[in-house]
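These are the structures in question, set out in turn.
Each of the two complexes below includes chain A, the first together with chain B, the second together with chain C.
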Partner chain A sequence: MKSTRFDFLLLLAGLMLLWQLVHWLVGPDVLSSPWATIRRAAELIATSTFRDHADATATAFGIAAVISIAGGIAIGLWLGLRRFAGDVADPILGTLYSIPKITLYPIILLIFGLGVSAKIAFGVIHGVFPIAIFTMNAVRNVAPVYHRTARVLRLTPLGAAVTIMAPAALPEILAGIRVGVALTLLGVLIGELFASTSGLGFALIRAMDVHAVTDIMAITLVLFVFAACVNALLRFVERRARHGG
Partner chain B sequence: MTKVGTTRAALILSALAALELLCRVGIINRVTMIPPSEMIVSLWSILRNGRYNADIFFTLYNVIAATFLAVIGGFLAGAALHALPRLRRPLVPLLSAYYAIPTFVFYPLLIVAFGVGRTALIVMGAMFGVVAMIVNTTLGLDHVPPVVAKTGAILRLDAARQLLLIRLPSAAPHLVTGIKLAVAYSVIGIVAGEFILATEGVGKRIAYAYDNFDNRTMYGMLLLLLVGVMAVNGALSGWEKRLHRRFGQR
Partner chain C sequence: MAASPDGQISLRGVTKVFPGHEGHADVHALGPVDLDVMRGELFTVVGPSGCGKSTLLDVLAGLTSVTSGHATFEGSELAGQVPDGIGAVFQQDASFFWLTVWDNVAFGLRRRGTAAREIARRVDQALAFMGLTGFAKAFPAQLSGGMRQRVCIARTLVLEPKVLLLDEPFGALDQQTRLLMGDELLRIWRETGATVVLITHALDEAAMLSDRVAVMSARPGRFIDIVTTGWPRTRDSRIVSDPRFGAITARLWEKLREESLRAMKAPETSEDGK
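Entry: the complex of A and B
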């Protein structure tokens, strides 16, 4: 464990060094230095405008993530438990997952208008399909011996679902949630970039318009650290579920 | 056709028919969406009179170039990472957070570096696609069964041949998954770049048509892009499935 942490710090130091070298190579108009970026990020975080934008993004992301997870699990469970419906839907879900949803921004804008609902919709269309696909596969891949065990123990369908199927499928479903939540954040940010007047995505597009390199880098850094922390947290929960049960 | 296939086709067709009906009756107004049949007509006329051929080939060329760079670069980086577990372990969480961030916010910086045009878009697409290829390459190499690797050693193949003749085919299903995702993400990177700032390209046309309330062109071009992506994705998915069956691994 200790050596893992050391390796991680080593990696961070290496990445910083690489970043600094690229900065020297291409100049400050293309890439701000790590130090300048971190300092700018700290300055930004202290301002109330930034916090308002961060609040707006966090709210939209939170709502979108809840809808993606609930919707994805509901769709995935239903399709996973019904073989035929699952077979019919499988390639359709795969296609919906892989189409570049950024191209749909004009449609989302026309339907929802500028604002928070457009961002949430964007987050959900990015996040819901991977969660549905992972959940469906998780339920389908539960070993047949578990189904037989449930029958032998004469469990009711609900009892079987709670005590046997859920723990067996949980790690896969959590992996799906991890992927889906990351893509939900991407979706919300894309929504803010193209279809919003608030949030960190909007702050980014403003910084892009005036070519404020350090601001672009600083906001992205903050977002990346946030995404990495959420990811690490979900990874931890997933590992507990995999080995704990 | 099998029962599953027939049901799926019926489901998709009835969804399209419902959409067509909603548009025709006016529940979905024309400003929001034109009926699917008119999208097809618009797409057909765009292809026939060749008005946007230059844009279509511009984007197509960029996507091919970006995917090529992402796949080659991602494979090499993934193979290197697989060989260096100490570097890989701490890097994995960062790689999986990569797709939570819209990397194309760096596009303006690429424009400063490369100017407005093809190069910045290709680099953008490759940057967005490469990580999917890296992740899937490492996963694919993880799944090479030890017995297959041992066979290579017994045959006394050198390292390059072992990689090319033994490990590569064995990891192929995951590599195709990587290619499939690299295509999808490269398209996203490039089209996003074209939305933000470009002089030509499919994304540029869509954004321009949107700004000018030209719904026919917008939906025609959108349909072209989506059908193109779905065709490539479908073909690669089919290949992926065949490889999975052939190498019989998870």
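Entry: the complex of A and C
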């Protein structure tokens, strides 16, 4: 069954209801109400301090996402096309992907200092591996029948790569980009939470220091909406590339 | 032995051995086989699973080089490269999911740099021929398995091949669709005048469609019998009610039964999924 816009609204209403119920249950000192949060978010967005923080996060995220995508695709293509290199790199990539990267943050701070480059680097090490892994598998898993078809159609290796293998692998690569971009945002925000002087993660930690519950919730809401929009956009692009396949 | 004058594709003493990897023994997949596929005939190869049928098709298409012997297409050596004039359709769905049906069929012509007007004419003609006109703008994912296979056949036919190689093209389809696709294949064969080589494991399909049926042995694949059916050129799936159909199927099964038993006892190595 295909999900409709109505289903989406129903889900949203359900979440809001749950939020309101939990708010009543635990009290405003722990969780602000949906309405108060949305109002506070609207107030915050109007302030220049908030916009500066949002700009800092957006810039770091944007640059980190571009580096993750470009680097991940480059690594993934290289490993996908060279079977031996791929066989060697596969477990290494898997391990790098699964280690808790927060343990590397002190080292990253020592290398890059307490600024935007550390946040970018931290976002990239979160995002680049899943994109590389998805891309490598996308290239390796192109159906063998496409390779045979390319030869029967008498294509050159380059012609086959451009006209058959690339579009055949594209949906999987886009799925990797969707996962990788989400993790890049996570990395940037974690970087801001732990050590930085600007950004929404920094604003969040400041609000926590003074126990401003509504501010915490409002910033989280903004980040949540932003992440959901990015994900929806990438999902839309991915679905277009799949053509229902 | 000299190549017979009518043999469009000729195999002389052809063998194919796949070298073993990491301590595994070499796999002797095929031969030695001698074969002449005649211009314009519908030739079918049946055999137990894993007997090297697909390897034979790869040799006939020029997709793989032979280990020993000679394989020629219209007099020139097939040397691991598919020559112009040979088209192939495989069991696995090879339709391009990112292209519409129309663009799928136009693919080969575009890569050859055919003029746009000529492409449009030939694609429309191929779509009409395969009953796909109404689906020109659809994507493969919106079609059934049988229709997607038609797209692959249309994509091949539009290039006007002299030889059409079919590797179990109906293997993934249900029985009714298979019978209808069999009729379709007979029509394609009659109307294009192309030579058709069909690989199948379905004896009824082989007996119904073919001018000649070759029975392959268990691996290494050799021909143990070649049956000439003697069907008229104009025929369809209703031929299954002809008493001779039963006799031919029985003869094929007689030969194949023993080989299938042998193949079942042999260590399992699949030739599928290549």
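Note that the second predicted complex is superposed on the first by the 240 of 245 C-alpha atoms of A that agree within 3 Å, B and C clash if a C-alpha of one lies under 4 Å from a C-alpha of the other, contacts with A are read in each partner's own complex, and residues count from 1 in each chain.
Note that a residue touches a chain if its C-beta (ideal position, glycine included) is under 8 Å from a C-beta of that chain, and two chains touch if they have at least 3 such contacts.
It should be emphasised that the depicted structure is a prediction, and the values quoted were computed from it without experimental measurement.
Residue contacts after overlaying the shared chain place A:E43 against neither chain B nor chain C. Residue contacts after overlaying the shared chain place A:T220 against chain B, while chain C stays out of touching range. In the superposed pair of complexes, A:D52 makes contact with neither chain B nor chain C. With both structures placed on the common chain, the touch criterion links A:M208 to chain B but leaves chain C unconnected. Of the two partner chains, chain C is the only one touched by A:R242; chain B is not. Set against each other, chain B and chain C touch different numbers of residues in chain A, with B touching more. In the superposed pair of complexes, A:L170 makes contact with chain C only, with no contact to chain B.
In the superposition on chain A, no residue of chain A contacts both chain B and chain C.
Those residues of chain A that touch chain B in the shared complex are 4, 7-8, 10-11, 26, 29-31, 84, 87-89, 91-92, 94-95, 98-100, 102-107, 109-111, 178-179, 181-183, 185-186, 189-190, 193-194, 201, 204, 208, 211, 213, 216, 219-220, 223-224, 227-228, 230-232, 235. Contact residues of chain C toward chain A in the complex are 61, 63, 81-82, 84, 86-88, 90, 92-94, 96-99, 107-108, 111, 139-142, 156, 273-274. Against chain C, in their complex, chain A makes its touches with residues 143-146, 148-149, 151-155, 159, 163-164, 167-168, 170, 241-245. Taken in their complex, chain B has these residues touching chain A: 3-4, 7-8, 11-12, 31-33, 86-87, 89-91, 93-94, 96-97, 99-102, 105-110, 112-113, 180-181, 184, 187-188, 191-192, 195-196, 203, 206-207, 210, 218, 222, 225-226, 229-230, 233-234, 237.
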